[in-house]
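Per-chain numbering from 1; labels A, B and C assigned in written order.
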Amino acid sequence: FNDPILRRNVSLYMGGKLLGLALVLVIMLLVIPKAVHAATGATVQTPEINAINTVWTLIAAFLVFCMQVGFVMLEAGFARSREAVNILVEGIADTCICGILFWAWGFAFMFEPGTPWIGTTGFFLNGLGPTYLTTGVPVLAYWVFQFAFADTASTITSGAMVGRCGFWGDIIYSIGVTGFIYPIVGHWAWGPDGWLAVMGFKDFAGSTVVHSIGGAISLAGAIALGPRLGRVFKRDGGGPPPAHDLIIGAVGGLILWFGWYGFNPGSTLSALDIQGIGRVSFNTTMAACSGGLVALFISYARSKKWDLGLTVNGFLGGLVAITCPCYWVSPTGAFFIGIVAAVVVVFGLDLLEYLRIDDPIGAVPVHLLAGIWGTLSLGLFATGQFGAPTPTGADTSSVITGLFYGGGVSLLGTQVVGSLSVVIATLVISGLMMFVLKKIGVLRISEKHEIEGMDIAEHGASAYPEYALAGVLPSLIGH
Amino acid sequence: FNDPILRRNVSLYMGGKLLGLALVLVIMLLVIPKAVHAATGATVQTPEINAINTVWTLIAAFLVFCMQVGFVMLEAGFARSREAVNILVEGIADTCICGILFWAWGFAFMFEPGTPWIGTTGFFLNGLGPTYLTTGVPVLAYWVFQFAFADTASTITSGAMVGRCGFWGDIIYSIGVTGFIYPIVGHWAWGPDGWLAVMGFKDFAGSTVVHSIGGAISLAGAIALGPRLGRVFKRDGGGPPPAHDLIIGAVGGLILWFGWYGFNPGSTLSALDIQGIGRVSFNTTMAACSGGLVALFISYARSKKWDLGLTVNGFLGGLVAITCPCYWVSPTGAFFIGIVAAVVVVFGLDLLEYLRIDDPIGAVPVHLLAGIWGTLSLGLFATGQFGAPTPTGADTSSVITGLFYGGGVSLLGTQVVGSLSVVIATLVISGLMMFVLKKIGVLRISEKHEIEGMDIAEHGASAYPEYALAGVLPSLIGH
Amino acid sequence: FNDPILRRNVSLYMGGKLLGLALVLVIMLLVIPKAVHAATGATVQTPEINAINTVWTLIAAFLVFCMQVGFVMLEAGFARSREAVNILVEGIADTCICGILFWAWGFAFMFEPGTPWIGTTGFFLNGLGPTYLTTGVPVLAYWVFQFAFADTASTITSGAMVGRCGFWGDIIYSIGVTGFIYPIVGHWAWGPDGWLAVMGFKDFAGSTVVHSIGGAISLAGAIALGPRLGRVFKRDGGGPPPAHDLIIGAVGGLILWFGWYGFNPGSTLSALDIQGIGRVSFNTTMAACSGGLVALFISYARSKKWDLGLTVNGFLGGLVAITCPCYWVSPTGAFFIGIVAAVVVVFGLDLLEYLRIDDPIGAVPVHLLAGIWGTLSLGLFATGQFGAPTPTGADTSSVITGLFYGGGVSLLGTQVVGSLSVVIATLVISGLMMFVLKKIGVLRISEKHEIEGMDIAEHGASAYPEYALAGVLPSLIGH
């Protein structure tokens, strides 16, 4: 795949396919019948129960939205000052694009019935019943919750692409992610008739659906873009440029942890399930704590320095990993899942550095690799006490059980299939999209603009025009 | 009004009037009978329903309070570093003053019965029943929600006055705003017997009551103060000085968006109204997304730069505009309301620059102009499906319908009357207040102090004493 | 106690005692029978009521967790840039350690039955019933709430120790605080059979349990450490070094205020108690407002400058003070409690400066002194209308009444005993711990590292590597 002509032809061919797919989907929007779960989605809960569950879902949605604050601070803080404005514009533009597309067709593709591969009803939320399926939660409230999730996936995609992606490229790939890749691949696992869902694949709050998809796109983008100018890797005698504002970056990490309390516990869509929301909140906390502490000690063991960046990525890795299994594992399980996640993140960072892939904030190890680990971990640690959540509590009539709790390898196998399918499909599709964007020349900014600084060149502003910088050139050569 | 003697005499005369009014009101506090809605405000909801609604109202209140974090970050980030400390002290002092005055008489003026012009009972919350009217929400909980709103209005007022308003002036006008202008004018629209409320004027969460009032006071203040030293306008070959910390500023904008999920959805005062809170949350999201995206593309169309400041002001404009109509419009309505709001904000910024009014963070376009647009938009986009919210859901027996949905111009006319009445009254009263403050010499800091830097002169501290600045003089001449 | 040999021997002796205590406790973990409140903690509430109360408790827990964001920003902003990274690593490490220890034995020591001095069941949360005592809130949800509290106490401890405490010291004293001092001393007041609880000592949300314990440990640490190199006190012609980023610091203070709306109102553990959560939310607001405003005016009266740092510490002092009495006092009581708290904080700051104790962010005045005042204030201001909170509302059969409301000095006396016992015990135990750590040489970083800058020396990173600093040496000699 290193032959430029082959690359160009494949890119053009697949890019054409992608555009064709988009066209077909738009036509579907116009001709396909409206959704019908208005009739079938009867709920038997009382108004009080539906109100409690809706309050829970909406407040969780608001906390997940707050993760946008965390993401932009984390990314901007860990980047160089010359590319910080770009990160903010990108994060906000993503959010805006996501809101509009997820209304127009994203929600329909992902959460409405249709085929095992894609939802085909409910475009612009037309024709839907008052509440989503049997949840008792209004469709518009549920949409806000799922919009915030889609927005998270969308923002993750930018993580490994910081500092050299042109803004037209940003806009186009954001449309691809929020409008097509995330909702279509997500339908497989979370759609009412998705093929992975039907097969028994479980991903409670999205280690795979949100984090692995976002992280895989990020990886495809980083490979397509290549490293920033002047980025020298460790094996070549360099290393990642230092975070330009560690305080903002680490505060962003803590705000993400805060927002995760909406992400995971809110995914019950039910507060009547009091044991479920308590358990998920506990497990989320525990995996973050063990992940953070392990990364901290690994950093000290390696360098005799207590590294802030690694510690933050450690607890984020724990949070990503516990996102899939948090409903079904015990406190002890959460503790060990966090520990392994931190190890995965640390060695993932090393691996990317070795492979000379420039991932400025560690999006690939944290979201893709820890997401895969978390998805698989359910097959090991599911306690066999709980099935799927319902509006009033866990369904205990069909529980899931992992290998360590006597359930054999069946669940683990399903998790492997689900994780691999999603990751490979996402890598292939997003890789094609990125290379098409590269071919048409909108993916990477020009060398002239990159030397000038992308904030100035693309956004006409420096993040901190009044501060004197200690020197611009060194930051261009990797330090 | 340019004759200084006339200006002085008018100012003094009206200032005396204002003080006299204050005196009368204080006397009222002492002699007027206690509120009686304890007897009439019987509620029929169950304890569970009241609890759910109170939880919803209080958590919304906390999110609205969090908007203070957003406002001070937005304002400080978009200001110059030399005036950032002032913004923080001002925001905190406002909050503290607001809390005390809104307890003493602000809440009584605004939310208790009395006359169509002002509430006359319940000073210091004395004599009130356990819950507010028929909401089932405890008076003290409802107070916290409304305090957070009043505080928002109060903080908005400082927006266009950044960088040259003396602190004694700040304190006095804050008392005027929180103690008199906001609660009295607000009573017209939100008091149980306010004349605009009785007339059918609708302002769900305060495009007019909070944002237009705050923005109009801000405009009066900016005109009374005049521009900052060295501020050169575009038509004179200059432009606004650059934001000193775009990251902090844009993060503040995102935190405001987060807090808006308390502001709008919480204004149902009911979570039993599950369709209402879902709809409001959705519409709030959609208007922000379309507003942000349109402002982003306008900035690019104009300058070939993707401008961060304009994008933030775009989504804020969308949020301000949807605040009034969010309960009564459809997703499509919200989408278009946000689009127009962004256009209003962008051209409002141009207009102020043309008029040589120095509004350092764009408070007038975002809060006053988008607030007016949002208030009027209800008269166009109200779908005719919903009436007023009640503790258990929308009142569908008396719905409101806008022009585009076959309701004719009746609602639009009422909205025009309401918006104009509030804006003109606020401009006149606050204009007089500002000019009185100017006359007595407390509004603007001295030229010497402004050149020294107002943080040093008024607060004895620089925001970042350890950072080397790239140069102070250029920021004084506006760039 | 100035004789070094005596100091060393006492330290070693008491250090040995402490380690012995730890050993005994670990053994207890293994041999003592499981908790039995599964059987006795029957609840009679409906599933709906339990769900509402659990939602309230969990969302409050999330807000309290968000205070971590506030604390690290407050501390880092008010510190010098050279020690900011250390504060972030410390805050995150504390959180992680706290989560693991509070799961392993902290929760059991503090909240489970056992003896009047320490809980002895429920290690690793094993053997506990589904809900905590009679609250109807699941144990795991209640744990998350109490973890966030413990984490707050843990982070407060670092406040006065900023800038010179070695990281091994940090880790070890964090284990001492979260694993032993906070849960064991906390059990006295909040354990189901704690001796202070049984005696009638009241501390609604922890002016004593969280803030006085945290502040007292902080004081012990500051004394053991001694001042930072180059720190010259006012009586020697110097003063505290200026905050390196007042914006970040003050924003952190506002985020703490936001999080306090989880801390205090959430401590009802009940949202059915609608009057209680309304009252607590109101009182929390009022004390913060009066405290902030008084501190602002004191700063102006003293220096003719409106001081930002003092204003922030003023409202924080009000918040700390109202934390104990917020459930039982009236709006007027809250107003005065905040005023006195601000005075306590301001003069506490002076006192520490006079005593040549280097407390970089004012942790001792804000948390220890205002915490003591708040605890005592209940004995003055309790209105005699309310008893303890229950899952469905206040118990009005056994109310508590303060001196000013005709209740005599009985309650005040109990509060004095409770506050003094906790503060003295904590000072003694933590003082010994700190001196042991000092003896073994892990408490303070070396002079060489302190001059180099502790962020570089301990963490291998500067917070802002790209910014030019105005000069490093001056910050070492106190300015």
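Everything below uses one rule, namely that a residue touches a chain if its C-beta (ideal position, glycine included) is under 8 Å from a C-beta of that chain, and two chains touch if they have at least 3 such contacts.
What you see is a predicted model; the values in this text were computed from it and never measured.
**Student:** Residue numbers at the subunit B-subunit C interface: does the shared fraction exceed half, giving same, or fall under half, giving different?
**Tutor:** Because under half of the interface numbers appear in both copies, subunit C and subunit B meet with different residues.
**Student:** Degrees of rotation, nearest 5, to put the Cα trace of subunit A on subunit B?
**Tutor:** The rotation relating subunit A to subunit B comes to 120 degrees.
**Student:** Let me have the rounded angstrom distance from the C-alpha centre of subunit B over to the C-alpha centre of subunit C, please.
**Tutor:** Distance between chain centres: 35 Å.
**Student:** Please set out, as single numbers or ranges, the residues of subunit A touching at least two other chains.
**Tutor:** 48, 52, 55, 59, 245, 464, 467-468
**Student:** Tell me, which parts of subunit B touch subunit C in their complex?
**Tutor:** Residues in contact with subunit C: 47-48, 50-52, 54-55, 58-59, 61-62, 65-66, 68-69, 72-73, 76, 84-85, 88-89, 91-93, 95-100, 103, 124-125, 130, 137-144, 147, 167, 245, 248, 458-468.
**Student:** For the complex, give me every residue of subunit C touching subunit B.
**Tutor:** For this pair, the touching residues of subunit C are 46, 48-49, 52, 55-56, 59, 63, 80-81, 242-247, 250-251, 253-255, 257-258, 261-262, 265, 271-272, 274-275, 277-279, 281-282, 285-286, 288-290, 292-293, 296, 303, 305-309, 311-312, 315, 331-332, 335, 392, 464, 467-471, 475.
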